[in-house]
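Before I ask anything, let me first share the structure, which is written out below as structure tokens.
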Amino acid sequence: MPLNIVVCIKQVPDARTVRFDAEKGTIIREGVDAVINPVDLNALEAGLSLKDALGGEVTAISMGPPQAVEALRETIAMGVDKGVLLSDRSFAGSDTLATTYILAKGIEMLGRFDVVICGKQSMDGDTAQVGPGLAVRLGLPSVAYVKEITVLNDGGLFRFRRETDSGYDVVEVEPPFLVTVPPLLNTPRLPSLKGKMRAKKADITIYNANDIKADLKKIGFEGSPTRVVSTAVHAFNARKEMLSGTVEEQVRALIGRLKEAGLL
Amino acid sequence: MAHVDYLLTEEQQMIVDLALRISKEKIIPVRAELDEKEEFPWDIMKELAKADLFGLYIPEEYGGLGKGCFEMCLALEALAYGCIAVTTTYAASALGGYPILLYGSEEQKRLYLPDIASGRRFTAFGLTEANAGSDAAAIQTTAVEDGDSWVINGAKQWITSGGEADVYTIVALTDRNKGARGATAFIVEKGDPGFGFGKKERKMGLRASSTRELIFNDCRIPKERILGRRGQGFIIAMKTLDLARPGIGAIGVGLAHAAFNEATRYAKERIQFGQPIISFQIIQHMLADMATQIEASRALVYAVARTIDAGAKDFAKVSAMAKLFPTDAAMKITTDAVQILGGYGYMKDYPVEKMMRDAKVLQIYEGTNQILRNIIGQAINKEQIIKDC
Amino acid sequence: MSDNAGKEQGLQAGTPVPWRGIWVAAERTGERAADVTLELLAKARVLGDKLGAPLAAVLIGYHVDGLAGELIGHGADQVLVVDHPELASFTEEAYGGVLAGLALKYRPEIILAGATLMGRAYIPRAATILETGLTADCMDLDIDPKDRVLLQTRPAWGGNLFATIVCPLRRPQMATVRPHVFKKVLPDPARQGEIVSISPEAEWLEHRLRVVESVKDDAGDECRLYGAKVIVVAGRGVEHEKDMALVKELAGLLGGAVGGTRPIVDQGWLPERLQIGQSGVTVSPRLYIGLGVSGAVQHVAGIKDSEIIVAVNKDPDAPIFDLSTYGLVGNVGLILPELIRQIRLEKTGRVV
């Protein structure tokens, strides 16, 4: 049964090139490459393999600044059929609650959807809240932290193995649903040459706040209940101490420190 | 500092980027293990197929990308940066595909090229025999017409991807007394009756590639598997090799570049006599020669490949040059890389010893560099006009 | 679009009933309350005293009322129990629906939950139904008493940044909190509290997920990594497979879990699910011990939130030392046995 699959992605600064401004307590954005949030690649792979198995269409959707179009082009190079960018100045400053609202309004523009897949969390925000929150907005059941996907009844039913705090659950749900996936679920495919050439020419649909008929009270700064009041760079080196001496002396010194910290 | 700008198009840059990414993410992490275990790189071949690289040189109407010799060279160089055993496996498939592309009938092209382009079927090329290496005309494998079939007898030696490939283009004698004009090319498929393989050869380098004998024991194939015309076998083989040789040069460039990078990285980190060894002039001179040879090789390969793509007719000489110079350079550069790493370079913990072992074959296969000098020399001898610069 | 709850938002609507009290959404480990729940009760008790607000634990499940006493002993004034067969298995929908339903009915000003796999799966659903702010994975909490605002501090960017976040205008203020951040207090068996049994409304319980099987898996090592207090990690410097037994022994002595870097997993010495780093599991133990871990960026991204980082590496210039609390320079093959020997000595007072 062909499925309409939606994968949510986010363009984030490349962790490998990010530097931090200790005085301002912010990240330095200059000279930083933008990449697809790493675990979103696993979400894309999950969506593309479902399409390989069952047929259908994969749409990648993202909220972000105009340059996030490039991230969506990359998904097309991997085999995604359609890219949709939700971009508007008024989206800026959205927290997870406002983001779920905007994404939901964007996804509703796509018509029918059977499966929504999100990476577990973004590298920058790191909240893991958008997936489950988006499911509520879309009126869908959600399954977080899916480690294994089994298709039953030709896509009429899905069985997941999902990690729990004490082991794992095997759960079943019929589409439509939303799942969030962790990094080790699969190995994301590389783009293909034909995909890259297609991506270069592909039309990425861009919707603004007006297009998705967003309630301006629910988006951006105004639509975000949370406020960041301060940020600080975490000083790792504050207690850096190289222990000296022979192996025995170093180990003894360490054990002393661990006892002080109440760890032994 | 500026690098030489080869003025690649956006699409050509895409090919380089993707092939290099496969090299770094999929090939380099496993190359030592593949070498150690002499393991055929099926997983990587699947990656190359998914990336559409098997269709690079195949026209779009047959499911490929319709690119030329130059784009093949770009892909081969980037893959060789990772491992030339893997790259040779990829290149061998093109070597098996070229004869069908160049001389196949429309039916043959429709039957084989889409599968080759998608990577569904994997190809190999068989010319060399035990007693016919540089002297290719000495082949003894025969093909005899029998009703609706050809019956092939004999053996092909050291065939890259032998046993792994699905489709083989081979050359056999059809008219023993006609000499070089008595050879004909055929398409043989794995599973054809009477077609078998020898044991996998054990090699000094290139160990992840699979090398086997092809054995024809009253091998019977349908009549329509003849490739080109009867008697055209050697022309097909020579044209195929002419088209493929710049690619081998490109493999040399990629390999040499990888060895150079290892040597440079090491020379910057290795402290002796209280300073990084790159601060010694002798090391700098070695690296300078390596870098210059690499750039000269690359420039030659690219220029020849572009000449071929521009529609040059008789390019045996320049094609031979584009293999000869880069592969001799690669041997020298990988050897020097081992020298710069010293004792570490000789150890399997570092990748340069494998690079040096692998490099040697580049001077031997697809025409030894001695034969290539013959080709170039004979061409010079034949040329009527001595051209001004 | 589900929009059933936002209109009830007290502050915007200026409703006369104020949002009051702190809730802790309880979790279980087996038949007991989870450590993180007890840690949260201890912290919430302090926050509640600052606010002059009562503290309630919310207990959702089936046949779970046995835990109420333990929760009261650890500081809850009240335990709200929702006990129903439909809640026997965890589903994001029903648990999120029940918590949101309760919150709309009883109007707490703060809801805290563990940043466990479970908490992070259903608390965002509740927050979205309530159309309120939720801060993930907090490492510190405080109260600004003048406007009863919860100050929530959390790491961002793999622990490189710390951000303090507030939710000034909407209620409840919600946060998930990392395990091991706060200390639980000793239980007071004499403490009195009220147990309130609440029957859920049918719509709270609606869910489409069917839990076929729920497996307790002690070998679910990855989850143990996630919540572990101590993690011992093997890196490339662990040169022989037999040394992995020592790595596991050290972890056992410290009551911790074992993880590995990419090269160790690639060699097949540990299963892939125990790979720590950006492409594996992200961990935040109180104590991280890296044995022969060089500190590749991809690994470091997964350990940065550890409280104490101990690094053992033979290369004094290894990048791991730049972020370690304590560094030991030397061969893992020598230091590891010595560590085990001395810790044993410490624990038993004799050499075994």
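Points to keep in mind about this one:
The letters A, B and C name the chains in turn, as written, and every chain counts its residues from 1.
By our rule, a residue touches a chain if its C-beta (ideal position, glycine included) is under 8 Å from a C-beta of that chain, and two chains touch if they have at least 3 such contacts.
Since the structure is predicted, the reported quantities are computational estimates derived from the model, not experimental observations.
In terms of Cα centroid distance from the overall Cα mean, chain A ranks first.
Of the two chain pairs examined here, A-B and A-C, the one linked by more C-beta pairs in contact is A-C.
Per-chain CA centroids place subunit B at a distance of 56 Å from subunit C.
For the pair subunit A and subunit B, the distance between mean C-alpha positions equals 42 Å. Averaging C-alpha coordinates per chain places the centre of subunit A 20 Å away from that of subunit C. In subunit B, no position touches at least two other chains.
For subunit A in complex with subunit B, the residues that touch the partner chain are 189-197, 200. Within the complex formed with subunit A, the subunit B residues making contact are 10-11, 14-15, 18, 21-22, 25-26, 47, 50-53, 56, 65.
The part of subunit A that touches subunit C in the complex is made up of residues 15-16, 18, 20, 25-27, 38, 95-97, 100, 104-105, 108, 123-133, 135-139, 141-145, 159, 163-174, 177, 183-184, 224-234, 236-237, 239-243, 247-248, 250-255, 257-259, 261, 263-264.
Taken together, the subunit C residues at the contact with subunit A in this complex read 1-2, 27, 29-30, 34, 89-93, 96, 116-118, 120-122, 124-125, 127-129, 131-137, 151, 155-170, 207-218, 220, 222-223, 226-227, 230, 254, 272-273, 275, 278-281, 286-287, 297, 301, 304, 308-310, 316, 321-330, 334-335, 338-339, 342-343, 346-347.
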